[in-house]
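Each of the two complexes below includes subunit A, the first together with subunit B, the second together with subunit C.
For the complex of A and B:
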């Protein structure tokens, strides 16, 4: 019973990380490069959420929708402007362009919003208590439900719709997908839209739980990379599991270790898993 | 394939990602052979002084006030004709509240801008750049680097116009004890300054006879601190001392409120900035305690300083070590006047002398210069207090105990420097 609050806190960390990592992996699968700027997309979502929620005074869920929508479009525009034109040069070009893009987004956000940390105005919600132990607050529950709901929605989209299936086909074998008549450019656009939307959601959720600050993108991309590697790069279900493992193990480790070891625990998990499964949990190039 | 990505991940995380790396930055001692030439090369024109401080990151709220306050002092000096006819010129770099950026900034200031002194560093950055500065005969001063590591090592090309964290911690422990708390927990970020105060708080509180239920270190900028809070709550403390910064503390405090925990908070002075009310919410902040190293806000020196600060920047000083920064800069200028030369060594040799007894007590640059011209020793006192230094470059300093009340920090008790000197 006493461990449940730790579990809840791990679930919150894990689900937010899950959304961020899935978006990251989607691009990795379709474009075959590590989009370092993905962390900044999270930051952008979080700051736009701040604009709507605090500056314009909107309800947090309305702000969430608006910010996600705008970030999605911006993410897609970034793809069109920066990545698409140089794609033919190979994925190393894309990788380093994404580093540049990350700095651009970071700089623009800092210039626009300033360097002071920000917080959302989320009404203090009622906390569910069991036997006097506070278990979960409304905001946390909402974050977990919305995040898992979105992940499930993505699963349905990928398995039940033609576009979703086309994404999976492209991810498995680009030239074969091309040969089968899939409009790969259109599908790539869809993947970027999805990736940005998921990233924005992750950013806004972490804003709802904690603070929004300009360097959050740099901090989160490391966790995303480790969750992605842990899950088996590119396997979408694998990285979901990877993200949850990292989230949960970080927060559960606090029970026995001082919490300053949290990040160390996350990376230790990666090393341990890779020792036994070098390809990641659900990894393998064929996936 | 996976290996390739692992390698690129590693390379990227080490080389590219700023602000999140825990990787030890290379020591700044190499490749700087020309810098001493640089620092003496400004003998003809202006006197270059660097402000290396935190405009971004956990200590981001301090940067501008610390710069402004130092600039105010130097502007006054320049208005009086400067030092031996030479004007003081400021250069500034952002240390982003991290050691890596701090080292980068120090290198630039010393080697490229040829500064003779640097001012404004937080503890971590000061410790990391001090050796490099010393090798180049550059003086470093700080208005808020409280680390206990300087207690026995400071005072050589390094001074601070703030008391040590050991005293800061002692005051915090006293405030909690005086308020009637007997069982406290200590939560702190694993940075140099917060760790050093946290240890001091715990040690002092136990010496007073109190119980420390848990010492809980944590990493900054996590999305959630629910696990840490839960762990602290299991030890059921009456009060919790929190050592953190302006990006992390809001998350901790908001989640504490959400969870409905009831203990009394006391927060470190890094959190006690006016901006915190916007970040955390006035409601949640109400009743939270803090103490800050500060002069008596009722003193004549402080009132005069506050008025000219407001006139220059349109804002009241307060909560951001402005007075400490002003005094550090003023003493720097006076040390050059007293020594008759504008270089780091001269500042280092005269810094303590002109601000500590014996000597004629002076309060402004003009009066100080007049007394020095007469051949008198001087003892500068300013808005942050009597600024007398011990053998290791630390001021004794007074403290204000504050309580958050409807969006403002209100003083509820003033602890003069003398209150703690006798118990030492």
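For the complex of A and C:
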């Protein structure tokens, strides 16, 4: 029974990471570059959530909606201003531009909010106990349900709507999608909107569970990269499983390793996976 | 002022190493800081006196400075060999992620394995080369800046010779067209490995120079920002152009130090510190947008 709290917190970490990683992979598939600034999109969402929730005193779910909405628009604007004009330069230039964008967002957030970590004001929720052992809090349960619900919503969108199918078509073969008459510019915009929205949600969820701090984007992008590699870079369903594995193994590792090694577990897994199965545990584009 | 020259020199060394790995061999390495840390810690552990009662570390070999310096490059190169053994075959971004993850693991190891690194307390009061010939710390600073310039000149000379040698030309051929180079009978992995290992040696030496400059070693010095700053210096200055790398390092260190020197009220200080990140990001984004080959682009020597 002792391991159950670790399992639950692993599930929470995993589902939050899942949202962040799916958004990252969507961009990886459509634009074919590693968007290092995606971690900062999560941070931006988290800080905007703090503004609405604490500064303006809104209910957490209302703050969640408002912050997600704004971050989504900002994410799309960043795409229009920074990435779209240099697409023809190639994916390495896009990667380094995203590093530049990451520093810009990081700096702007730090200038506005300072370096002190922030906490949301989430109403204290009941904790479910079994035999006196605390299992899961209401907030944690809400985060898991909402995150999995959003992932399922994304799945429905990608499989049931024309736009969603177009995204998948573009992700698997850009030139063919173009030849079949898909408006690739429009679809790319939708992908960026989706990616930013999912990122913002992940950021706000982690704010609800823990604290919000300025270096969060750099910490989280490493976990996102790890989950993405584990699932096979860019394969949308593979990375969901990759994220769950990373989340669970990080939080369960605390049982046997010093907790200061928690994130290192994720990176060590990446190295092992890259050595033995570079195509990711679920296949994907591979070598 | 002398400090700025030293930092510029150290980032130029990192950029030179990156240029060999990326500019010449096309390897995307996001783990620069990992090898930098290995170099710095190797030097310190080789030269540190035996641990005192308050220290958590077990090994301090108290060897001469010179051996520590040579060791920092060799040990860093050896670790690059171990990492490269499986990783050198990985394609572009996979290598990037693997090296990024490697550098993070190194940072966690150096923070937590107190028996080796003395943990967050690290090592302080590290002896500097030729310090005894100088009376004041101030005059030594200028001498040390001169020493760094000399070292950069040495690396520059060696690397530019290397680049023009058959070895360097083969690397460039691999970068331009891997399949053609393979068809010409070149053992691609071996050449890439050499570039990776030599790059790590230079980064390791840069680690020693950094230790002498800061005269202390703690794990928090070796964060991923070092890697990004080295890449930014290379990218904005111009990959493949040595003068460009020095210019890039000068610009980026200039930005960092300018925001540090401007004294301000506590409230404004936060904004100034934050503007350092914004300025770094903006210059990278703008240069890529308008001068994608960097301020001083590589002269075409391939065709």
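Criterion: the second predicted complex is superposed on the first by the 278 of 287 C-alpha atoms of A that agree within 3 Å, B and C clash if a C-alpha of one lies under 4 Å from a C-alpha of the other, contacts with A are read in each partner's own complex, and residues count from 1 in each chain.
Everything below uses one rule, namely that a residue touches a chain if its C-beta (ideal position, glycine included) is under 8 Å from a C-beta of that chain, and two chains touch if they have at least 3 such contacts.
All values derive from a computational prediction rather than experimental measurement.
**Student:** Putting subunit B and subunit C on the same copy of subunit A, do they fit or clash?
**Tutor:** Subunit B and subunit C clash in the superposed model.
**Student:** Between subunit B (first) and subunit C (second), which does A:258 come into contact with in this model arrangement: first, second, both, or neither?
**Tutor:** both
**Student:** Considering only the touch criterion stated at the top, classify A:115 as touching first (subunit B), second (subunit C), both, or neither.
**Tutor:** In the superposition, A:115 contacts both subunit B and subunit C.
**Student:** In the superposed arrangement, which partner chain does A:157 touch: subunit B (first), subunit C (second), both, or neither?
**Tutor:** The answer is neither, since A:157 touches no partner chain.
**Student:** By the touch definition at the top of the document, which applies to A:237: first (subunit B), second (subunit C), both, or neither?
**Tutor:** neither
**Student:** What is the contact status of A:89 with respect to subunit B (first) and subunit C (second): first, second, both, or neither?
**Tutor:** In the superposition, A:89 touches subunit C alone.
**Student:** Thinking of the overlay built on chain A, is A:124 touched by subunit B (first), by subunit C (second), by both, or by neither?
**Tutor:** So A:124 only meets subunit B here.
**Student:** Go through the superposed model and pick first if A:97 touches only subunit B, second if only subunit C, both, or neither.
**Tutor:** In the superposition, A:97 touches subunit C alone.
**Student:** Considering only the touch criterion stated at the top, classify A:268 as touching first (subunit B), second (subunit C), both, or neither.
**Tutor:** Second partner only.
**Student:** So which bit of subunit C gets in the way of subunit B here: 77-85, 149-157, 185-193 or 221-229?
**Tutor:** Clashing stretch: 221-229.
**Student:** Could you pull out which residues of subunit A sit against subunit B in one structure and against subunit C in the other?
**Tutor:** Touching subunit B in the first complex and subunit C in the second, residues 34, 95, 99, 110, 115, 218, 222, 225, 229, 233, 258, 260, 263, 278 of subunit A appear in both lists.
**Student:** Touching subunit C in the complex: which residues of subunit A?
**Tutor:** Those in contact with subunit C are residues 34, 82, 85-86, 89, 92-93, 95-97, 99-111, 114-115, 218, 222, 225-226, 229, 233, 258, 260-261, 263-264, 267-268, 270-271, 274-275, 278, 287.
**Student:** Okay, in this complex, where on subunit B does subunit A touch?
**Tutor:** Residues 1-2, 5-6, 8-9, 12-13, 16-20, 22, 55-57, 60-61, 190, 216-219, 221-224, 226-228, 230-231, 234, 246-248, 250-251, 254-255, 257-261, 275, 278-281, 283-284 of subunit B touch subunit A in their complex.
**Student:** Quick one: in the complex, what on subunit A touches subunit B?
**Tutor:** Spelled out, the residues of subunit A in touch with subunit B are 2, 5-6, 8-10, 12-13, 16, 34, 36, 95, 99, 110, 115-119, 121, 124-125, 127, 129, 134, 137, 139-140, 206, 209-211, 213-216, 218-219, 221-222, 225, 229, 233, 251-252, 254-255, 258-260, 262-263, 278-280, 283, 285.
**Student:** Quick check on the complex: what are the subunit C residues that touch subunit A?
**Tutor:** Those residues of subunit C that touch subunit A are 28, 86-87, 90-94, 96-98, 100-102, 104-105, 108-109, 111-112, 224, 228, 231-232, 235, 270-271, 273-285, 288-289, 292.
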